[in-house]
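Next come two complexes, and both contain chain A; in the first it sits with chain B, in the second with chain C.
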Partner chain A sequence: MMHFIECLASTSWSIALRESLYLYPWIESAHVLFIAIFFGTLLFVDLRLSGYAFKKLSISEMNRKVLPLSIIGFILMTFTGFLLFYAIPIRNYQNLFFRIKMFLMILAGINALYFHWRMNQEGKVWDSNSFIPFSMRCSAALSLCLWSLVIISGRMIAYNWFDCDKQPQSEIINFLTSCVVQTEFYEALDGI
Partner chain B sequence: MLNKILKFTSIYVFCFMSNYVLSHHAFTAEFDANAPINITGKVLKVEWINPHAWVHVEVIENGKKTVWMVEGGTPNTLIRNGITKNSIKPGVEIIVRGYQSKGKLCLPRCIANGRDVTFPDGRKVFMGSSGTGAPRDGADPRERR
Partner chain C sequence: MESSQLLEIIYLLEDSFIGEYVRGSLWLFPVIQSFHLLGLGILGGAVVIGDLRLVGLLFKSESISYVITQTKSVFNFGLILLISTGIPLFLSEAVKCYYSRAFWIKISCLILGILFVYLVRNPIALNKGEGVYMKIIGFVSFSLWVVTAASGRWIGFS
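Right, the complex of A and B next:
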């Protein structure tokens, strides 16, 4: 895996992005904007599903209106996010917060799949008797929590506290970030 | 009325907070405002990369060699301030003022946040980022009074 990441980092496009004057900050800003579109529209669906707001609108109607925007937001957010990763592959790959973020995104994805699977099967029943099962309300709350944590951990990637080039770190951290510390470092440490 | 108050406070909070959020990562998270540095040495290499450029400087003091890795702004902000790939290249003797990182082990090299850099021709240029919460030491010409 590390070999693949190093290959990625040595491609000319990655270097061009990394050293770019305008493209990198533009992609960064666009990423944040698309997160706002995705999370903003998701908020509507989740608030409706949890039963807190927009009760006059049926769930399927809410989905029909808002979901296309969420999907567009998600695609563009993922695309710009990939470019940001591609610009600085090695540091991001070994970043603890990046890894936490990916893990949380997988959980959020499973939760979303579960919601849409249930929605396809029982959506009409929910609309007709305006009753939302407890498990679906939990799923909506979980979705909001997970995506909020994804955004927070995404923001934390900028901080270098657990970076591989910043040693000494505890063994657990180095394990979690697949960081291999050069032996010269420990030799130098012994000399102190 | 309540609505109006809410609106104004949210706009105020947004404007006030965005000052911090839009800046990069906060200075105090990684650097020590109480550990100012003033180093003179030769540029070893410059990593001209986003989101922060890094200038590696070799400092020789009392016959002891130390390498400092100095964080600068983005390539874009550096160019705007007048620091180019040609002006800051390996071999050039520079003076850097800044603040050391919280960790001071200097292994394998020391890390610092750069504030300004002085070139051999005496030109002194701000090399950091504005609005990170770094001490107001006058290095940043855009600093608010």
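Right, the complex of A and C next:
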């Protein structure tokens, strides 16, 4: 994996992105705007599911109208996010917050898949009874919590507190970030 | 007010208790910033859904006043979260903000955006609320918030 990341980092586009003065900030600003589109529209889908907004519309109507926006936001957000990763691959790959963020995104994805699987099966019943099972309300709340944590951990990637080039770190941090440290070097420093 | 007087106030704000406190902490600024970003997501959702309805790209079968009623409290909540996290962020680096063009663009658009939404967009949308000029109102509101958010992000780069 590390070899692949190093290959990514040595491609000319990655170097161009890394060294560009304006492109990187522009992509990052776009990433933030797409987060707002994705998270903000998803918020309304989840608010409808919990019964706090747009109660006049059925669940499936709300999903049909708003979810495409969330999906567009998600695609654009992922694309700009990939470019941001691609600009600084090694640093991101070994960043603790980046790894936490990816883990949380996988959880959020599983939650979303489970939700939509249930909705495909029972959605018509929810619409006609205007009743949503408690477990599905929990799924909506969990979705908001997970995506909030994704945003927070994503913002934290910018901070290098646990980065590999900032040693000494505790062993558990270096393990979690796949950071291999030349221990002899630090032992030599201790000797001085 | 002369700019030197303004700068004096800016220095006072930077030296304020909250400013000092946020600056003195390693993790407080990042944490507040994360919640600021979360607030942006929340406000962004209300802006996207409300203004897309005004422009006529979403919820066409529902009335404008219904959509604005349904998004209003999310908008308010997002704005309160943004302002209450934005103030300590500003206080911690007030002087840097004073010299940042992005900051002044952001503050101008923010004030315009707030005035526009509460004095123009919402009252009109909730009362009569149909017609071609609603599209213009939606477009203006959306643009103001996009520039506010993007120039806000830019403060960090300057």
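As a convention for this text, the second predicted complex is superposed on the first by the 187 of 192 C-alpha atoms of A that agree within 3 Å, B and C clash if a C-alpha of one lies under 4 Å from a C-alpha of the other, contacts with A are read in each partner's own complex, and residues count from 1 in each chain.
Everything below uses one rule, namely that contacts are C-beta pairs under 8 Å (C-beta built on N, C-alpha and C of every residue); 3 or more make two chains touch, one makes a residue touch a chain.
Computed from a predicted structure; not experimentally measured.
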Chain B versus chain C as contact partner of A:166, first or second or both or neither: first
Touched partner set for A:25, first chain B, second chain C, both or neither: both
Chain B versus chain C as contact partner of A:40, first or second or both or neither: second
Contacts of A:87 with chain B and chain C, given as first, second, both or neither: first
If touched residues of chain A are counted for chain B and for chain C, the larger one: C
Partner chain in contact with A:57 - chain B first, chain C second, else both or neither: second
Common ground on chain A, meaning residues reached by chain C in one complex and by chain B in the other: 25, 28, 158-159, 161
Chain A residues touching chain B - in the complex, by the definition given at the top: 17-22, 24-25, 28, 87-88, 158-161, 166-168, 184-185, 188-189
Chain C to chain A touching residues, read off their complex: 26, 30, 33-35, 37-38, 40-49, 52, 58-59, 62, 66, 70-71, 74, 146, 149-150, 153-154, 157
Residue ranges of chain B touching chain A (in the complex, touch as defined): 24-25, 29-30, 48-51, 74-76, 79, 103, 105, 107-108, 111
Chain C-touching residues of chain A, taken from the complex the two chains share: 25, 28-29, 32-33, 35-44, 47, 53-54, 56-57, 65-66, 69, 148, 151-152, 155-156, 158-159, 161
